[in-house]
Amino acid sequence: MSVKDDLYYSEDHEWVREEEDYLVIGVTDFAQEELGDIVFVELPEVDEEFDKDDSFGVLESVKAVSDTFIPVSGRVIEVNEDLLDNPELINDDPYGEGWLIKVDPADDSELDELLSAEEYAEFIEEE
Amino acid sequence: MDYISNTAAEKNKMLKEIGIKEVKDLFQMIPEAVAADDELKIKAGISEMELMRKAQAQAAKNKSLDQQISFLGAGAYDHYVPGIIDALISRSEFYTAYTPYQAELSQGTLEAIYEYQSMICDLTGMGIANASMLDGGSAAAEAVTMAARITRKARVILPDTINPAYREVIKTYGSGVDLDFIDLESENQIINPALIEEKIDNQTAVVVLQYPNFYGSIEKMESISKIVKNNKKTLLLIIANPILLGLLKAPADFGADIVVGEAQSLGSGLNYGGPNLGFMACRDDRKMLRQLPGRIVGKTTDVEGKEGFVLTLQTREQHIRREKATSNICTNEALNALMATIYLSTMGKEGLKEVGEQSYHKAHYLAAKLDQLAGYQVLNKENFFNEFVLKSEKDSTELINELMKADIIAGYDLKELGSEGILVCVTEKRTKTEMDKLVEKLEVL
Amino acid sequence: MEEKLIKDYSSPGRKGYSLPPLEVEKSNLAENLADYLREDLELPEVSEVDVVRHYTALSEMNYGVDSGIYPLGSCTMKYNPKRNERVARTSGLTNIHPYQPVEQLQGSLELLYQLKLDLAEISAMDEITLQPASGAHGEFTSLLIVKKYFADREEERTKVIVPDSAHGTNPASAAMAGFDVVEIASNERGMVDLDALAEALDEKTAALMLTNPNTLGIFEEDILKITEMVHEVGGLVYYDGANMNAIMGYAKPGLMDFDLMHFNLHKTFSTPHGGGGPGSGPVGVKDFLAPYLPKPLLKKDEEKYYWDYQRPKSIGKVHSFYGNYGVMLRAWSYIKTVGGSGLKETTENAVLNANYLKAKLKNDFELPYAEDSLHEFVLSGSRQKEEGASTLNIAKRLLDYDQYAPTIYFPLVVKEAMMIEPTETENIGTLDHFVETMLTISREIKENPEIVKNAPHSTIVRKLNETEAARNPDLHW
């Protein structure tokens, strides 16, 4: 199970990558492994706004459903349309092509509340 | 008792294995305060022979359609049920099976449902069909709530030409999730499209149409469809009679987003209104599919690449999604769906069309004859399928009662709905002699 | 595919039907409905023999109660007596139209009335509607009754409480009726945790939904305390009748102070499951809720049985007609042939069979709750999972031995759950055979887990790719 160094993590198993003008959000390798083969992804509309920890989407495997929770408040600026036809991208490449949404954050300081790679690795160890 | 085969000796052996003395000990955890103290006040069991005698005695107190000529329809149709259906569904591997959750031991049921879904798609012209709903009314109701979920709107346009029983079921279901209903009044049992134009707005989730409508008439499908399509987000729900679909255009041709109906006519018989068969189909659209209630069978392959069938997209359902499920439906009408599948296979496209045509021509023959009678009038003479409204100066209830004495049920008394006239239905089962008898009797009344 | 699809037997012009000649002159269909005629129907063109052989072949790819044991927990897959089928095919009882006048149908209505009375006697409920067509339909009907009752009293109650061991239909039905669902955890003995319940209860509570015995087969020993607690805050208590086969003749929901409930005629009263339906889910209520029952309600006066539509407080209709009458005929036949003392005997044997199985299996499989149980019990495959094969694998391996699997991964409170309900119609022989098979599988897992992990091997199809089925749905030909 991989945890990538340069990302922020939440206890709900989402990761956040900081880009210049926006944040990219996805689910971790641990999360995709727990869920199993993902068969369907429900994503928000562009311009929808969320508060930290709101549910912004749904991931479904054959026999389980999991909400995804946004780790930081913000406005959705792009969703990963490729996932609608190819949900397996989340299983294959959770930190890359399997990203979920891009967000314009409302409050950059919220990033500091998230876990580092090291902390997250410890966290899933305990789970 | 015949259905318990453990002998006294075997029971003792089992009790010993469990480590108790008597069966009653197994119930010790039931607190005395709630234990049923007396024996059940239900008579002792009877033998099979006595049961059959009793059933015959109850039947003898009925006057079934075997004993009279019936022109009753109004949502339950007396179409012919070929003998092949009962012969096949009586195979106990079908009727004593559970829901096909263990796919490997349920390929028969699963493949039959896949065929059923295919035939419903064919009939309705839609891209997706589920494995069945409880009946026509509940299918219509769940289609309305589905439309509300998809559009995230609560307003429903509900013409009075929809089967009144369905209207009631729709409103009952709607009361659960606070839907808002706009009732439309028809003129001469047809909805004026202008009325829909007037009522539809950006809060409208769905417009419901019945094809043909409760009175047997065919609505102005094209014009209504155009109006609904112009109102971008609003969905069009068509409640269709499957027998008619053998003959006339599919609801998809009128832009339906969801199609439901009662398929009791396809081989289930009357059975006093149940078990009936609700069918449901929608456009081939992933977002709609996510909101579809009920079971769905899909084709896939096994580990060796052999094709097979499974229940699929189950995350929509109650056993996984619980309170967030698209519906609570679990048990459906699988055996009736099998009946419909066998019926449609047996009839084929020509047979289904001929049933529709015969029903149509016979109904029109009778309507023309009745319309010629002095004091009687048929509403909407041309544009009906196999059901029409007969009006008379005479009281409809009295007419029906008089004809009943001659072993004829003339139809459904519209007084039940606070309206006037008799709703007369003709299927392919009615003979010329039977129809002529109705005309003759009315002539002398 | 083992047996090709019916459409693949199709040959243009082949016919499987016969109709009499039209007899009457054709009307001008082509003219009247010129814009409506269709040409695009593609139904198969096959002969009657094609149809018979095809569906016979399909039936041979199926497994029913008549094939062998069906130990699905909470599904009560008991034997479906053939005489009931015969009654349900009596033309004088079935060739009747729902809108015939009641005067013509006194035989059928009397029969339904008897069924109502018997259900009321079995449950200690006061009034019964037969209209709901399935268990879930009965639940939904009941929750609308609850909703209407409180609306009538102008009480705003928005919350329905369900235990975490509840059937999935419970929360789904509550949501459909517009309630917020609050789930409460069970205690370590598998029963309702009274503290958790107390915490969840308040003046917003509309109802608690409970099945007793619960899905672990355990009877709630504090049931009277539970119903009292809900009543104290002004809420109602609903009984999910899926597990009635455990208590008939021994306990009655009405005596446990439940206010309303549903029955599953297709479980407790032996009507066949039909590969997924039809069922029938009558609802019973205490007197004070009777005005809210769906309309019409079957009643009797000095002269006759009739349908009462004059019910101003009714929730309305939930079915187009009166429910699944054909299923009711079978349930009526069952109650008549089994009789009052027979129903009690049924319960005893259902419970005896389940406890016998439990005693025989509990050493080799983990028993997560040691409490006494009634008609069903839950084992965990956790031990086997550690040894290399999951509960799903065990279930699939059972199929290799020509036996149906228990309900698996339910209730959710047990990891690797196997929920087993043999019913009273199995005998010691079939039970022993099931036990032997389970023990064989347990041994196989120790010795050669791969054979279990890759099961089934001998079925018509092997493990099917469900992921592919869901990712790229192929839902029709």
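In order of appearance the chains are A, B and C, and numbering begins at 1 in each one.
Note that in this section a contact is a pair of C-beta atoms (placed from the backbone, for glycine too) under 8 Å apart; a residue touches a chain by one contact, two chains touch by 3 or more.
Which chain is which protein? Per UniProt: A = Glycine cleavage system H protein; B = Probable glycine dehydrogenase (decarboxylating) subunit 1; C = Probable glycine dehydrogenase (decarboxylating) subunit 2.
Please read all numbers here as calculations on a predicted model, not as lab measurements.
Participant: Sort out for me whether B-C or A-C is joined by the greater number of C-beta contact pairs.
Facilitator: By number of C-beta pairs in contact, B-C is the larger.
Participant: In terms of CA centres, which chain lies closest to the overall middle?
Facilitator: Here the chain at the core of the arrangement is C.
Participant: So the centre of each chain is just the mean of its C-alpha atoms; given that, what is the distance between chain A and chain B in Å?
Facilitator: 44
Participant: Distance between chain A and chain C based on Cα centroids, please, to the nearest Å.
Facilitator: Roughly 39 Å separates the two chain centres.
Participant: I'd like to verify one number: the distance from the centre of chain B to the centre of chain C, where each centre is the average of its C-alpha atoms, in whole angstrom.
Facilitator: About 20 Å separates the centre of chain B from that of chain C.
Participant: Show the residues in chain A shared as contacts by 2 or more other chains, in ascending order.
Facilitator: Chain A, residues with two or more chain partners: 40, 60-63.
Participant: Please output the residue numbers of chain C that touch at least 2 other chains, ranges allowed.
Facilitator: 466, 470
Participant: Provide the list of chain B residues touching at least two other chains, using ranges where the numbers run on.
Facilitator: Chain B, residues with two or more chain partners: 320-321, 324.
Participant: What part of chain A is in contact with chain B in the complex they form?
Facilitator: Against chain B, chain A makes touches at 40, 42, 60-65, 84.
Participant: Which of the residues in chain B come into contact with chain A in the complex?
Facilitator: Residues 286, 290, 314-315, 320-321, 324 of chain B touch chain A in their complex.
Participant: Once bound in the complex, which stretches of chain C touch chain A?
Facilitator: 409, 466-467, 470-471
Participant: Mind pulling up the chain A residues that touch chain C in the complex?
Facilitator: 37, 39-40, 60-63, 87-88
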